[in-house]
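Some structures to go through are shown next.
Both of the next two complexes hold subunit A, though its partner changes from subunit B to subunit C.
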Partner chain A sequence: MNSTEASKLPEILRQYEAEILSEWLQHQLSSMKLRSSLIREADLREQSRKFLAHFGHAIRSGDDIGSSSWAEVRELLADLSRTRARQGFTPSETAAFIFSLKKPLFTRLREACGNDIESLAVEIWALTELVDTLGLLTAEAHQRSREDVIARQQQELMELSTPVVKLWDNILALPLIGTLDSERTQVVMENLLQQIVQTGAAIAIIDITGVPTVDTLVAQHLMKTVSAAGLMGADCIISGVRPQIAQTIVHLGVELGSVATKATLADAFRLALRRLGATISRTDPAR
Partner chain B sequence: MAAQAHNAERLPIRAQEDVVLIRQTVRDFAKQLGMSLVDQTKIVTAASEIARNTLIYGGGGWVRIEVLESNPRRGVRLIFEDQGPGIPDIERALQDGFTTGNGLGLGLGGARRLSNEFEIVSRPGEGTRITLIRWKL
Partner chain C sequence: MDRIPILKMGPFLLVTIQVDMHDRLAMMLQEDLTGRIAAGGATGVLIDISSLEMVDSFIGRMLGEIAGMSRILGAETVVVGMQPSVAITLVELGLSLKGVRTALNVERGMELLRASVDESEATYGGPGSQR
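Moving on to the complex of A and B:
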């Protein structure tokens, strides 16, 4: 037999599919000992069986990895990577699915090639390239999924980090923290308006103590929020307008209209109570 | 007398996150110079305006942030550059309330008022370079 002849791999996969599957599973399970809590053995068996079937099919087509004959293999790997990324597998743990297939296949190739070292070398080289390419696909898909997960978490964090608090009957406060870019402001504004409707609040205090820079874009967002709140029947007070922020706003030429501004949330709260006709009085603690 | 630049940094302006980083970097420079909180806030806010213009109207670009020594004064100089469409009528663009976008039209004029020195060089079709300086007073 000589090395330019067709690969033995298709035939090996047909003949020994069941054996290869069980050896491959053994490898995966032993390398995943610590992670067995993340995935059920039955699921892994089913994934592996399906993969091997598609893999054999694609190999027998003799086509390139990028071709449509490999579409199902690629899809299955992308799926698996996505699931594993979500389940908390690391990229290497995810790629191990593919890489652990090398050993059982190498073993069969060695048996099939016998003393023909030259064919064995060619076969092993071709198989290594193939498996490595699939491994890369897996790692890339894993990476993409992690990025999706992170983007979603950021979105959630954004909503979480802008809580609307009820300070008093009819008084809401919205403490803003961090950068007010357009996307986040949208979320903040919707949150506030929803709360105003739900609680029927008369006054909303928007506290910008935690906003480091108030430029014209931030000012524009604030004014939009104030006028939308007004349409819902709530008066706004902006607090956290420190002296340096007040000066800068003046230099920018921004006019905040008729909205009241205060240096601190406490000042704003006092003003809000006064507007509602309520007062807080201190009683001497009897000690 | 010649002004000398020390301790410079060049940052890209390609996305909203870059504007955030530029604000932080300018604040660090201003703090290092020992600027007052008011002066820090002024130069950071001016930087925010021009960086966003560079992003939105200039299609992205670069900023060079540097400490300026001009005996006995020290200050921060910012040079914003883009290869965008340019500003056809600079006087008009500087007018309060003028905008070709959805802004308040106060960024350019506001940034000029927040700076000690301010210069716009722009050629239609070639791009825009805006230089601002805030001295430590």
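Moving on to the complex of A and C:
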């Protein structure tokens, strides 16, 4: 938009704002017939009106699109893309919001330029460049908000998959599900240590029934957790070692040190109770 | 220059670290503590690090060394009250304090010390005997 002194666009926008808005809305509504469940017409009208107002204002300033006079437009677009991404619009539907503005604007430009083909071409090129840049902005914002959603879900998944359960006085259980990478080990470790402090547990049972494979790295992560718990004064028992995993561990020559391991959580629990000097007994059914 | 106080509780020595440990302080503690064990014939040392927020490899190694020295002088060492973040740091540094006994809090640490003293009495027939 460097040739602003020649451009008729600011004047057109000022003069025909209402007409452009209604044409644009009609265009948007007809192309989004199927998605009317996702957004209300009133909302769309409000969004479009606001955008057009900011757009006209920014264009009249005659500045470059990266400048501060476009800040409001960019913000509005980013906000809109975020909302639409959350509402379930596809990226192309989101970008269509801005691209559908081309048609009413082009129509006005053609009317304004009349027979002057030369200047019409210049105007259209400038406008296309502008609208495309804005369209790319929406696509980018849409993408970013989708990535945010994925990151948040990953975080939630991580927190959900590492619960620490209190089994008994002074006995905690940590059922691990899924592969242990270093990031998850960190979360697991922090959760476990925090719970040890809170509950004052003396024994923690780490159940690896849900861990699909144990390689040297996973074993190393496990041992880290065990030694960290040990530093806090809690003993660890590893349970849920499946036959295949026992075989892998021995074949790989993984050193589990002096950590007690058991095949099932029940065995580990029994061992923990014995260490604490507690017993479970069956009441006589004849009584 | 402040010093870390060493309190005597019966046959045990109690060290509570309440300031940021720097290297000089750690060295001094090592000297003071070994001196006190040798002089008083303590059978157990309890180091409370619950207010220690930060450790580096040096402090980690010092804790291990103090335990080793105490053992040679005939006293069992228990480190109590380690913060989760400190434990994680030590593990990441590769220092798992082998040979140092740990407990969650002072109470548990005392129990552990008493148990170990009882055990050594049963085995060797006298308090303070070499292990």
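Throughout what follows, the second predicted complex is superposed on the first by the 167 of 287 C-alpha atoms of A that agree within 3 Å, B and C clash if a C-alpha of one lies under 4 Å from a C-alpha of the other, contacts with A are read in each partner's own complex, and residues count from 1 in each chain.
Here is the rule we use: contacts are C-beta pairs under 8 Å (C-beta built on N, C-alpha and C of every residue); 3 or more make two chains touch, one makes a residue touch a chain.
Since the structure is predicted, the reported quantities are computational estimates derived from the model, not experimental observations.
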First, second, both or neither for A:Met189, with subunit B first and subunit C second
second
Should A:Gly253 be classified as contacting the first partner (subunit B), the second (subunit C), both, or neither?
first
Check the residue A:Val197 against both partner chains and state whether it touches subunit B (first), subunit C (second), both, or neither.
second
Thinking of the overlay built on chain A, is A:Pro212 touched by subunit B (first), by subunit C (second), by both, or by neither?
first
Does the superposition put A:Leu231 against subunit B (first), subunit C (second), both, or neither?
second
Parts of subunit C lying in touch with subunit A, wherever the complex brings them together:
79-80, 82-84, 86-88, 90-92, 96-97, 102-105, 108-109
Note which residues of subunit B are touching subunit A in the complex, please.
16, 20, 23, 27, 37-38, 40-42, 44-45, 48-49, 52, 96, 103-104, 106-107, 109-110, 113-114
Write out the stretch or stretches of subunit A touching subunit B in their complex.
179, 181-182, 212-217, 219-220, 243-245, 247-248, 251-254
Sort out for me which residues of subunit A touch subunit C in the complex.
186, 189-190, 193-194, 196-197, 200-202, 224, 227-234
